[in-house]
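Labels run A, B, C, D and E following the written order; every chain starts at residue 1.
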Amino acid sequence: MLEATSLAVEFASRGRRPARAVDGVNLSVGAGEIVALVGESGCGKTTLARTLLGLERPSSGTVSYDGTPLSYRAKALKAYRRQVQLVLQDPMGSLNPRQTVYEAVAEGPRIHGLPDEEKVVAEALSRAGLRPPERFFLRYPHELSGGQRQRVVIAGALALNPKVLIADEPVASLDASVRGEILALLLRLRDELGLSALVVTHDLGLAWNIADRVAVMYLGRIVESGPTEQILKSPQHPYTQALLSVLPESPARIVLTGEPPDPTRIPGGCRFHPRCQVVASGNPIADKCRTDVLPILPASDAAQAACHLL
Amino acid sequence: MSLLELDSLSVTYRIASGDVPAVRDVSLSLEAGEALGVVGESGSGKSTLAMALLRLLPRDARTSGRIMLGGEDVLAMKWGRLRAVRWAEASIVFQGAQHGLNPVQRIGDQIAEPLLVHKLAGPAKASERAVELLQQVGLPAWRARSYPHELSGGQRQRVMIAMALACEPQLIIADEPTTALDLMVQAQVLTLIKSLIASQGISLLMISHDLSVLADTCDRLAVMYAGRLVETGPADGVFRHPYSQALAAAFPTVGDPASRLAPRGLGGDPPDPQQLPSGCVFHPRCPVALESCSSVDVELRPAGDRRTAACVLVLEESC
Amino acid sequence: MSITWTRRRLALGRFWGDFRTHRAGVIGLAILLLAVLLAVIAPLFIDAGVTNVVSGTREKLAPPSWADPLGTDESGRSVLLMIWWGSRTSLLIGFLAALLSMVIGTVLGIAAGHFRGWIGAIVMRITDWFLVLPSLVTALVLAAILGGSTVTIIAAIGVTSWPSTARLIRAQTLAVEARPYIERSQALGGGHWHITTRHVLPNVAPLLLASTTLEVASAIVTESTLAFLGVSANKTSWGTMLRGSYDWGAATSGAWWYILVPGLCIVIVVMAFTLCGRALETVLNPRLRRAV
Amino acid sequence: DPAAPKVIRVGATQSVDSLNPFLAVRLVSSSIHRWMYGFLTVPDPKTLQPSPDLAESWTTSPDGLTWTFKIRQAKWSDGQPITADDAAWTFNKMITDDGAKTANGPAVENFAGVTASGQELTIKLKAPQASMLDNPVPIMPKHVWEKVADISKYEATDFPAVTSGPYIAVEQKKDQYVKLKANPDYWRGAPKIDELQVIFYDNPAAAIVGLKKGDIDLIGRLAPPDFDALKGDSNIVQWNEQGRRATYLQINHGATTSDDKPIGDGHPALKDPKVREALHYAIDKQKLVDEVQNGLAVPADGSIIPPMYKDFFWQASGAEKVSFDLAKANKILDDAGYKKGADGVRTMPDGSRKLQFRFSIHTDTPIEEKLAEYLTGWFKELGITLTTKRLDSSKFTEETGTTALFDIAISGWSVNPDPEEVLATHLCSRRPTASGEGGGTESFYCDPQYEALYQQQLKELDRPKRADIIKKMEERLYTDAPVIALYYPNDLEGYRKDRIASITPIPEDKGILYGGSGYWPFYTLQAVTKDAGTDEGGSSTGVIVGVAVAAVVLLGAGFLFTRRRKTVADDRE
Amino acid sequence: MTIAPPAAEAIDEQPAGRGLLRYALAKVGGALLSIAMVIVATFFAFRLLPGDPVRALAQGRNMTPEQLDLERHRLGLDKSLAEQFVHFVNQTVHFDLGTSYEYKRPVLDLIGERIGSTLLLTGTALVMAVSLGIWQGARAGWKPGSRFDKFSTGVSLVLWSVPTFWLGLLLLMVFAAGIGPIPGIFPTRGIESVDAPDGFGYVLDVAKHMVLPCLTMVAVVYAQYLLVMRSSVLDEVGQDYVTTARAKGLRDDEIRRRHAVPNALLPTVTLVFMRIGFVVGGAVTVEAIFSWPGLGQLFYEAIRVPDFTLMQGTFLLITVSVILMNTLADVVYHLLDPRVRSA
């Protein structure tokens, strides 16, 4: 349904090397599918999500929706954004503190000039689990709890009746006790409305909780993807293995040192090699890792990983 | 005698709209060399508790009860004595490492500062020690001349830890030391803290809202809800209080089929500390609440295996 | 929706409740309202005739007395009545200049903050450029070039004082635009107009109010300075009265009332605006406290 | 200490624009130059008639075109002899070098040639010139000034200056002061004081304070309010005498260019002498004197020459005399057919235009502002609307002198002992050319009768007869009213009698102290012999010490205060 | 437990500092652009003037058309606007600001004679205002609501509302003229006495002359520094690093001095430089009142005469120097603030 083909996004800044935040990504989200995009901080997850929404222009590659490539003319973008919606990490921040819940949810319908505004808003709110909706109409964001706010944001997206929801760290700022509720809501919406979703997160537990498929991203590339159970239970890529190993319940932990290197200086060969525990352990394949560039993983449903080891 | 003993500690903020009881009647003790974790959702009073230990709360906070640190009551200390105790006996690693460091002072100087303040070393000696500490937390010596913003979040948190170690205190209080950090970096920092604690025999009071982080680092856990302790016990046991259980369930185990496509959480909203529900404050959100819960409050009760919990159900079972 | 109104009223009430805790601000507001009220109702009691020299038949530079509580000026006109009538010009210039400055500053500030790329860069460049221009000196030159009429003075003050507003608004716009709800609005399909008018403007408005209040204060001072330096708005204002007291030797001949009264009026009203503006700023945006 | 130098300090509210007499146009500068340099002639202190200065004597040819001056045997302050060559060089420099014309260019315009031999200076004129003996050009030492490469850029700040007058400039601080020392070798004898200082005040109020405090000893050209402020100070003499200036209104009575083409946008009604007369009747000159000038002026019943110049002053009397009478003014207008409309404003007899005039004044001139307010008030009673138009001086000069974009304008002129120049400002030839080039008219006046009289007086070398002709010219101006004289402001000055023992004005009878023609007042100046200098110095030292002590005490207190706080702070947070 | 060994700190190498030069160059470039804009704007603003400058020159004097033409030619006013513009720019970049109508001398010379005293006055006043404002602001902001805070903020706000010239006049009348028991101990005008002694006595004499003008400028200007400093200190009070410092056992005043003030200082420093234009503006009135022979007075005179070349030249100079000061401030700020320095 929503598909990215060899997508790359560069941020040029004066006097510096451009940052290749997304550097060749193939990814597709099928109808009614929940895909989780996981990775360390700064690996380009948010940038990818923004690009999929047309908020950022790719430097190369295309985003296509229902098979047609995305056009960046204002009109076309507006139409596209009725179909694909965004939910952000920080529900407090995503609501204008000076707007009531009603105004916040009605913003989309107003922009797109939908009829029956009040009905649409009420419906969206109750779908998002804020019932009865009228009770919430005139509240301001600061009068709501974190979970309620996130529901309002989701309702705002739902008011446009989208086909795809892109959620960037939807529960990261929420209390542990509340996040389960929001995740359950996403699952329910998928079941009830057939909504597809791309959930961006750094939390593997979340992926395990709700995703059908997982794509693991490292430094602008997807290094491993496939069905959730397969990827999280038997990861193939050393990076995925390391990520999983630092979860508290895992027996042996592999702590990678350093931070993800900077997207302005992507290492040659396998981009993970400077931190790769396999390379470091003196595996004979290491030389290849340092020099040979890996192909970009295709957007397929099957489990796959980009690693010289495999 | 325990290193730290809290005896019905309460903290109330006085603000324009009334009193906010942020910490209510907390009693805890921490033995030398022990690592205690305090967990709870946002606003449950964890940071307030931590700050109260060294009387770092803002002016509008009223503290009552007793805080015995090394046998001395912190709340009764004179300012001069208190300043001497701060950092030398107990140091703090704050939540936001980004802001815990002075942005315009070199890191080395900031680490050396407590040594100078407490007259534990002269300037030359202090900067030597700062470099030593930096190396101890895995940062190169030249980083002493860097400014905080030149470091990544993980590195800054390590600087904070180095700083906390400077005066070789008996107790380190770590308030959400890894919350803002990335998964991998978080693992690095936690590993570091664990190894330092183990090698130097320091006591640790660690605060987090992430149960999994604490479970891994601490010997004992204390769960807070709405300013109160609702459960204490060893880190590796099974929780008894419904709130603790809900918290635990919110962090699914990858590979656990029970949580696959079935996220679990706690319904309802966190309580407003200015309008706490009657009876057991948790009852409006409690999945197993009894009718009596709305009127009867329960104290912490023994709940088997060095565990205490404040819940009627626990009471009934243990009876 | 009447509920909306109720909510607005509540919000206003809350705001007033906050504002009321700033005693200095309340005093400032009271003085300010009184001054404006007096200026507005002045025509009901007096007219421009009080500034007419031919009708000023009393003793020249007479000290305060029962007949003339604030004394008379060099032509035997009552200082009290002149002050009263002159407040109209002073306040008018203050308000209009601040308004002009506010409009220019807001438009350019929002443009500079909202549009990235070359538009924003150019607007910012212009703003920075105006900002470093010594405003009084520029206003003087402008007024000297254009000749001193009320409109010119307003223009000269307005045109030279907007950059600080623009800067403030730009900073605030940038802050607002960095908020995720702008991104959300964009994702909902909102365009530039939608975002600037629905999100940015309402968010900068309170700050703008505070900043404009402070701007009025400085415009009144600037007007008096321009009048003192000889480029006046042909009408009786506090500034021209001060100039008159200077020209007619009030200082050297001991006519203290003629110097002190207009000056104190300026100080008090400007103070009132400043206090009020600062209180507004604190109430509306405690994080963005800045200098006057 | 009897040897203490006698110093007199003169305050000036104008800064010195240049010490180069070829360039300086400000009054303060030309006054200083009068004290420094000799001229061909100097006005006699009693009669103001030209009397010998550097020129001991002179003769003129019968056709009035050749003048021969005998230059006095005297020395420059550097010891060089003064010769006719110096004078010839000075005039020739001005004739040949445009840069040297800046200050006094017109004074040599009529010169055909200047030659010198020994002490004899010969000036050939293009046309006869009665004012020849009032030449305003100081004679400069050729041996010093011929070395100056570019006169238009020379600042004359080489001190001590080489002069031939009573004083020598020895020091200048720009915009602050000029210091002059007495010339011990002055041919009339050294002045009675040792040093003369001219001190600049930007702020007139401060100057008054300065005089009261004794920072300065004398200040001239006071505005009426400042003069009044000196009242009651027992140490200060308030000098209030008739001045050399006339203030008048200039009326656009139908301005034309030098080729008689109409120019400008003057109101047609003002072409009517009746209207001008009515306006004249509507002005209460006494009231203006009282209110605008604080009574420190003489109402003008004459024309542009002030009463100070007794010889030339003319005053209206009898039926001719116009005095304030609004009823009469209204009647004149009624009779002439200017009817009042419903709004009380008169219209032209043909109904085409309302009588709404503009009154052009300068920006930043309080006196003119006030005057405008009064005129507006009176004209309103006449059914004439007057609106004030403020113009900066360049624009004012242009609109009232060249383009004639005015109805009524303020005007005024300081008159020299010889009134020729002020009379000339109302000549046809002074009107601007068609291309708008100015000739310096003060009224766009062009009247055959006036022209004839002017030519007549030019040739009349007999002073009383010439005075009669000039009075006729004044009368013509009074009755035809292209200009309406309002008043003659008094010369207002003040000096400290505890510092200045005596000072002779010019003319000696009710004359001017500062800014007059000739150096007499400051040459004859006598200081009070009393050494005030030392105890003043003591008091100022005392003040400085006091201030320093206060500062130290304050600092110390502040230091102690913070110390104390620190100890307290030790036990709290 | 394995800690993967790849030398993480190898990536963590010492940064090279070449950003500053680039930054400084960019700033200087920006300043040059601003100056160019000022020059262009000045040219056109002063050509918009109604009225003929040559006539202004001829004011009241009898000049023949030929003389006027000559003068016009000398000033280049007979050329087309474009030619005049080229000429003007050419002159200006060669530091030729034209010749004053009034003084018949190069504007640059006139400025040169007066710039020293203006620098002395504004410089001293600025230093005093900044120190006073920063000191009081820091203390007031550290303990908001305290008596010190209320008092100093109140006083500064009152003074800030006072028109400069009015305050100057009052001070002159009280402390130079003397009123009642207060003796007029300060001089009424200028920068020095006519008979000022030499050496140290001269310094004292100038200092005495500076008291009132300086006081006037300081009084009006320091409030904004105080308020900015106060609010930036106030912002720092709640910062976590301050809590850290407290936890470290530092005394309250040590925290203020060592941590809060250095952080709060930086935004204030930018403001100090940004508001230099304001101080210069104040100099115009102060110099006029106290007959201080400086640029402000020259400018005031140029406006009164009016002498447009002088006005234009002074305006250009004041503006350009303010722009340069701002640029300098930017670069200095960059040097001072470690956060910006290597960002």
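Here is the rule we go by: a contact is a pair of C-beta atoms (placed from the backbone, for glycine too) under 8 Å apart; a residue touches a chain by one contact, two chains touch by 3 or more.
Bear in mind the structure is a predicted one, so any value in this text is a computation, not a measurement.
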Steps needed, at fewest, to go from chain C to chain E via touching chains: 1
Chain pair, C-D or D-E, that carries the greater number of C-beta contacts: D-E
Centroid comparison with chain A (C-alpha atoms), farthest chain: D
Chain nearest the overall C-alpha centroid of the shown protein atoms: E
For chain A paired with chain E, centre-to-centre distance based on mean C-alpha positions, whole Å: 52
Gap in Å, rounded to a whole number, between the CA centres of chain E and chain D: 38
Averaged-CA centre spacing for the pair chain B and chain A, given as whole angstrom: 32
Whole-Å gap between the CA centroids of chain B and chain D: 87
Of all residues in chain B, the ones touching two or more other chains: 191
Per-residue overlap in chain C, given as positions that touch at least 2 other chains: 144, 230-231, 246, 251-252
Numbers and ranges of chain D residues touching at least 2 other chains: 205, 209, 364, 392, 570, 572-573
In the complex with chain B, residue positions of chain E that touch it: 1, 3, 9, 12, 14-15, 239-241, 243-251, 254, 258-259, 262-263, 266, 337-339, 342-343
Footprint of chain D on chain E - complex, ascending: 50-53, 55-65, 67-70, 102-106, 113-114, 169, 172-173, 176-178, 184-185, 187-192, 194-195, 204, 207-208, 211, 246, 251-253, 287-293, 297-298, 300-301, 304-306, 308
Touch list for chain B against partner chain E, complex: 51, 54, 56, 83-88, 91-92, 94-96, 99-105, 113-114, 117-118, 138-140, 142-143, 147, 149-150, 155, 163, 191
For the chain A and chain C complex, residues of the former touching the latter: 50, 53, 55, 74, 77-78, 81-82, 85-86, 88-90, 93-96, 98, 100, 107-108, 111-112, 138, 153, 156-157, 160
Residue ranges of chain C touching chain A (in the complex, touch as defined): 3-4, 7, 179-181, 183-191, 194, 198-199, 202-203
